[in-house]
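The structure's right below; bear with me while I get my questions together.
Order as written gives the chain letters A, B, C, D and E; numbering starts at 1 within each chain.
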Amino acid sequence: MSQLGRRKFLLYSSTGVLASLLLKGCADAGGGDTAANTEAATTETAAADGIKVGILHSLSGTMAISETTVVDAEMMAIDEINAAGGLLGKQIIPIQEDGASDWSTFAEKAAKLIDQDKVVTVFGCWTSASRKAVLPVFESKNHMLWYPVQYEGQECSKNVFYTGAAPNQQIEPAVDWLLENKGKEFFLVGSDYVFPRTANTVIKEQLAANGGTVVGEDYLPLGDTEVTSIITKIRVALPDGGVIFNSLNGDTNVAFFKQMQGAGLSPEQYPVMSVSVAEEEVKQIGPEYLQGHYAAWNYFQTVESPQNDKFVTAFKSKYGEDRVTNDPMEAAYIMVYLWKQAVEQAGTTDLEPVRAAAVGQKFAAPEGQVTMQPNHHISKTVRIGEVREDGLFDIVWSTEGPLEPVPWNQYVKETKGFACDWTDPNKGGKYKAA
Amino acid sequence: MNNETGIAIKKKQQRNKLIETGTIIALVIIFAVILPAVIPAFRLRLIGRFLSLAIVALGIDLIWGYTGLLSLGHGIFFALGGYALAMHLNLQLPEGQLPEFFTLYGVEELPWVWQPFYSFPLTILALIIIPGIVAGLIGYLVFRNRIKGVYFSILTQAALLVFFNFFNGQQEIINGTNGLKTDTERIFGVLVSSPGVQRAFYIVTVISLILIYLLCRWLTSGRFGRLLKAIRDDETRVRFSGYDPTGYKVLVFAISGAIAGIAGALYTVQTGIITPSIMQVAFSIEMVIWVAVGGRGTLIGAIIGTMLVRLAQTFLSESFPEIWLFFQGALFLIVVTVLPDGIVGWWTSYGWHKSRSLLGLQPKLATYPSLVEDPELQQERETIAKK
Amino acid sequence: MSKILEIEDLTVSFDGFKALNNLNFSLDAGELRVIIGPNGAGKTTFLDVITGKVQPTKGRVLFKGKNLKKIPEYKIARMGIGRKFQTPRVYLNLTVRENLDLVCNRNKNVFPTLFGHANNSEKRTVGGLLETIGLDSKANLQANLLSHGEKQRLEIGMLVAQSPDLLLVDEPAAGLTDEETENVGALLLSLAQSHSIVAIEHDMEFVRQIATDKVTVLHQGALLCEGKMDQVQNDPRVIEVYLGETPE
Amino acid sequence: MVITESIISDRQSTDLMLQVSNLNVYYGESHILRNVDLSIPAGQMVCLIGRNGVGKTTLLKTIMGLLSPRTGNIFFGDRSITKLTPDRRAKSGIGYVPQGREIIPRVSVKDNLILGLEAKPEGRKSQESIPEEIFELFPVLKTMLSRMGGDLSGGQQQQLAIARALMGKPRLLVLDEPTEGIQPSIILEIEAAVKRIIAETGISVLLVEQHLHFVRQADRYYAMQKGGIVASGSTAELTQEVIQQFLAV
Amino acid sequence: MSTLIEGLFNGISIGSVLLIAALGLAIVFGLMGVINLAHGELMMLGAYATFVVQNVFKPLGEPWFSFYIIAAIPVAFIVSAIFGLILERGAIRFLYGRPLETLLATWGVSLILQQFVRSVNWLLIICLGIFCLLFFGGMQLLKSRADWESMRTKIVSLLLPLAAGVAIAFYFLLSQNSALTNAWFSARNVDVTAPAWLRGGVEVLGFQMPYARLFIIALTILCLMGVYWFLQRSAWGLRIRSVTQNRTMSSCLGIPTAKVDALTFALGSGLAGIAGCAVSLLGSVGPNTGQNYIIDTFMVVVVGGVGNLLGAVIAALGIGILNYLIGSGTLALFLTTISAPQSMIDFFLFFATSSMAKVMVFALIIIFLQIKPAGLFPQKGRTAEL
């Protein structure tokens, strides 16, 4: 009998808990003002004839850490546009879906956004893997994705607009700068997935062409926190110091920098150039460990421009003084504006006209002037920053002006000489340039 | 207890059987005929995916529900099947051309493991055989030492992690984290993502589910199935009856692995991509909860459980992404503590109460070392320890 | 008469404790032997060694002249040794008939079991056994619905279904009512016509019922005495062990 | 044969240390104890006899709370303990010396003894030492304090088990076959110790025993067969016939 | 020589992280036979506790801040131990003897804990508090009634929705207040920065031993000694050992076994908390922190054998050293120096990355288990129907 009592008790208590959770969910959706929860609120209040756009990022799982920041930036841009009267006289209605850090979920949710919600465009993805996963969906449905993160290149889809850096707008200049200023011997460290692997393939070719050498490389599983063996390898390969090129992602960076410092690999002797460490990550790792190391980006919070001041101020006042802005957030922010301008120019949200109008759009972004190129990538300014004590970056080097994007890598044999141009029906995604 | 009750029970069993058959036919009609007609294509694709997950749940029920082996590593076999088919689809290219992703890593020659996948029949064979063999091998190495219970679970979980790392790390062979996509590939010359092909896959999934259900029914109903239950309930006794449980466990684990392989292949083509993330620890444990929710050792429960949990997940994570983990966690707790026999078990024990009243009130063991104090078990342990 | 079971100098120790100590024992084919002894005399370990569950520390066990060392349990079972456990161990989630059928299976390898069906002779055996153990009316009942005595009988039936040459029976009367005990006794006696049997038992009434041949008394892992029931009953060593003193 | 009822009825319930009435215990489907009634007067030693497997140990385990009866009541003093957990029963004053001694094997003799203090109603104090009386009763233990419990011989373990039970100052000592598998010389020591304990502390004892010599030390006996009490009386009346029927081979 | 020492040190430092993470697990598994898949999440809670302590100490400034880590250790222990206690009392105690169910239940708990640190805010805490106050308080009040036993089910079924309803109502009432609904930690990683004296390292024989590693090694040794002392010398330790070795007899001696269970589990959980504090010095602190350790630590327990601390120590160090030797390529290098066959060198070079080293180590574990299926120090409770 007491057995039964306990069962019932548990049953009731669990239903109770579930009910409360469900209600909490509703309450969140109704009252919360964080990015993750605005969807329902906006949907309810907006006019029925608003413009629906999809926002597809991981709100849960490992990638949620990074992707929610991008969502914040996208929501800020949308709110700004809506506050300024909307687009074509209508409000923009963002519909959020959670990719849950799982690539097949991304594909599933992309299809849902397009087929069921009938969004006019999707802003989304962070990892290359998630982009690659949704790519077939967008291509087969001939829909439109805006992608805000720097990536490894070697891709040029008609259905994607890339507002993050192509390798030649981040990795290549960084390597050149290191060769010139820091040394010829490189050790490559990366997370065990596609971006670091591809990036390092590119770097190896580039170094071979420009007189540098790769003395070693190693990859860590995503989320791994034991980097002792890598540090040993670095010390064996570079006994007297040298350059470390770091494309580690997420949590592993924390372990890497903490343990680098513990092992006495100082930034003077072993400068680390990171391509996935921005302000947000510096905050999470702790600037104490990073001070003196470098990162290559198109945007830093410390960029001095009126647009950036406005962006940073707006962001902080919306999400809190302790928040920082970073490159992917800025790219996410500007892609919403680029799309908005394209829609305004096309005068419609229909896919083809917008796609055509998008090319050539200019925007005075926080990082400086950006222009959407015929290859669906944007021209961007490249910067190299050194981590300061306060966790922000001193910009130690930058290009004169925006650099043209080159999606097909010119150091790699297979893609050398190829280019991409979606404005010319004869050229398309991959053609042999003259 | 007299003869009459025996007959009554037999009648009840017949009635149960009738109900089961009825349910299955109804489900088949709903899923194979009605749903494709009324549901939008992408929702149908979703259902198709759930159904392929139900297939792997059947495999788990076979080993967990009937044989008492809790595998937390079924993601391995699921992924192997998925990769096999995806590799075939990725090879539907003009002569001499390599799948596109190879160029990212400067690979110029097709790795040898890809060669057999040019052939469609070989691929179909491989997606069943390879997971089966891998499962059999893992099973053999574990079972022959009489490692069982949680040790088996932990080892399968570790194996899963190893496979995950391996697949993630092998960019040059199978594209690492990015995995293989299938939507833009062609099968028999038609685009995989086209509605016709997808519908065909859906129908194939429904048919496979039925066939595998029947296979599992067959496996679990005859002498073999009774032996599985016997192994689950009292392995030592089985040994003293002259059977060698190792062989049976290896075989049933291999079959379960092969079933997972089929499920993985069907899931992959209806998802459009297969990546190592399918081998994440969480996903494989989730498979177990589908079976647990439905009711282990019932087969039909595995299917019901999968559908319900996945639907709940889709609904909840669409509406409140934050809630899903809470919900899922609670589900594990509830199923284990309040509903140990799942929905089907609850239904049969209360719905047909008295006939199986014992099922729902599984006596809880008073204390954990009561196992240790069982002299039979103790001596067995000591023997094993001595080896 | 040939020896079906011979045990020579058998010692089994667990962590230094000698459960069996230089035990010598032999059993004629066709004999029914009852083993008695106070608690902790090593009776159950004795069965464990014969069935391969426990490996001897020293000494050897010969079954039909073959040394059983390092032979796995299932092979020993196939050689013709069947064992009934102290508490009945039947498969609770199977019906009575299924329980018997499972053991009755002639070829116990994986694939024959998977593809094979019970042939007519096996079906007949099962039917006959159901009658022998008096459970034919409950053949389709799940074993967990049986009473304790019925389970005991079922397990003995399963033993027989295995058609072993040697039956090892551990306390078949434990927890049974008088009537059930008598039934089981009669069952064992009838089985003794065609099998060699070793039975371990405490219940003296029961022992008297079935001990038609010799009785063996174990004490502290060794053989104390052996003989007909009335011999054993009056053996001063046995009385000493059981009562702690010689009766005045 | 059933003469128990009269015994219970003609005693005042107040001076009964333990009273068990109408106890029925099952192992699964198997009916182990059938309608058992038994009582132990305060300050007396009661012996339970019967062959192996008749349910004596089961009865003791039920009294200790290790098994729960399907029906029946157990009164300790004037309080029902039927629903208490074993540790509460121990704390209320029952010291248990189980069959097979159940010494904690990988714990030293001293610690085994100290564990006996757990049963004191007020609980164990941090720095409590072992009273000398224990060593007076069982001198052999004093020399073995640092040995592991599992390394002792059977007889030493038995002495340790009794000593451990006494550490908690129980009002009732429950002994399950204290002479089983032990050399005759030590049996006598144990017997003497038990007698001395009764004499010095006035404790009640429930003893399960096979050895006639020991059985005769008791005030009363109960004989069990097939899970039920079939005879009882004063040990002085323990006839050869009864012994032959319930104890001998 | 220095390579040897370096290899040894690095192996030991990897092993000590494994060991400190596995210690609590080994205790809970070894003493209670409970598989706790939420162990990683209890570590995570410890890491978050460290983070909170760090932030409490921050305003105090130097020199106080430097010692926050010392204060964090007991706090982490207590926080995790309390959660462990709740877990044991709330779920696990119903599941003793059913290890597979325990495994699933604790996995569920681990999911809940992960989401809990993501979403926890004042409002959630307040509402949980209200619920507990109403529900458990009400139960306590009503317990004194004479007909409690018979009314129990009814009371529970009445009180539960009532309490839940009030709590939810409160939630709605207060959910507009953003000060209450701000998540404490959010899904993002938080930064735990080692105090200055734990950054950097000491130079020995040409390579640097990181202070943080030395600290963890010392902490591991301390924990081992502490656990050893607790189990061998303290009153509750004696009770725990007694219950583990002979549960029924222990209860007959008057030891409250349920309390011992709860305490043992709390101890194991608390050790997980300390481990969480330790690993926060090396890696990231986020909702997923625990997941990274769980399988490695289980391997330590499986290899070490259950219920024997020495086994866990040897297994952790062994796995750590192997992992290092294979992963860093030291082994391949060594083979080159003794001019081993090229194929062998190539073989080890193939595994000389961090990902592949794990593959190799697992293969070795499987091989090891073929020889010793019950681990290094088998004890009863192994390979059997746990």
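Please note the rule applied: a contact is a pair of C-beta atoms (placed from the backbone, for glycine too) under 8 Å apart; a residue touches a chain by one contact, two chains touch by 3 or more.
These figures come from a predicted structure and were not determined experimentally.
Within the contact network of the assembly, the step distance from chain B to chain D comes to 2.
Steps from chain A to chain E, taking the shortest chain of touch contacts, total 1.
Set side by side, the interfaces B-C and D-E show unequal numbers of C-beta pairs in contact, with more at B-C. Centrality annotation: E (chain centre taken as mean Cα position, compared with the mean over all protein Cα atoms).
The chain with its Cα centroid farthest from the Cα centroid of chain D is A. With centres set at the average Cα position, the gap from chain C to chain E is 48 Å. Per-chain CA centroids place chain D at a distance of 43 Å from chain E. Rounded to a whole number, the gap between the C-alpha centres of chain B and chain E is 30 angstrom. Averaged Cα coordinates give chain A a centre that lies 35 Å from the centre of chain B.
Looking at chain E, residues 94, 118, 246, 248, 257, 291, 353, 355, 358 sit in touch with two or more other chains.
Chain contacts: chain D has no residue touching two or more partner chains. Counting only residues that touch two or more partner chains, chain B has 165, 168-169, 322, 325-326, 330, 333, 337, 364, 380, 382.
Here the touching chains pair up as A-B, A-E, B-C, B-E, C-D, D-E. Residues of chain B touching chain E in their complex: 70, 141-142, 145-151, 153-155, 157-159, 161-162, 165-166, 168-169, 281-282, 285, 288-289, 292, 322, 325-326, 328-333, 335-337, 340, 364-373, 377-378, 380-382, 384-385, 387.
Taken in their complex, chain D has these residues touching chain C: 27-32, 51-54, 99-100, 150, 177, 179-181, 184, 187, 210-214, 226, 240, 243, 247-249.
Contact residues of chain C toward chain D in the complex are 15, 36, 38-40, 87, 146-148, 151, 171, 174-178, 202-204, 217, 220, 232-233, 238-239, 242-245, 247. Contact residues of chain D toward chain E in the complex are 64-66, 85-87, 89-91, 96, 98, 102, 104-107, 111, 114-116, 118-120, 124, 126, 164, 168. Listing the residues of chain B that touch chain A in their complex gives 40-43, 45-46, 49, 103-106, 165, 168-169, 171, 175-179, 181-184, 191, 193-194, 271-275, 277-278, 280, 316-327, 330, 333-334, 337-339, 361, 363-364.
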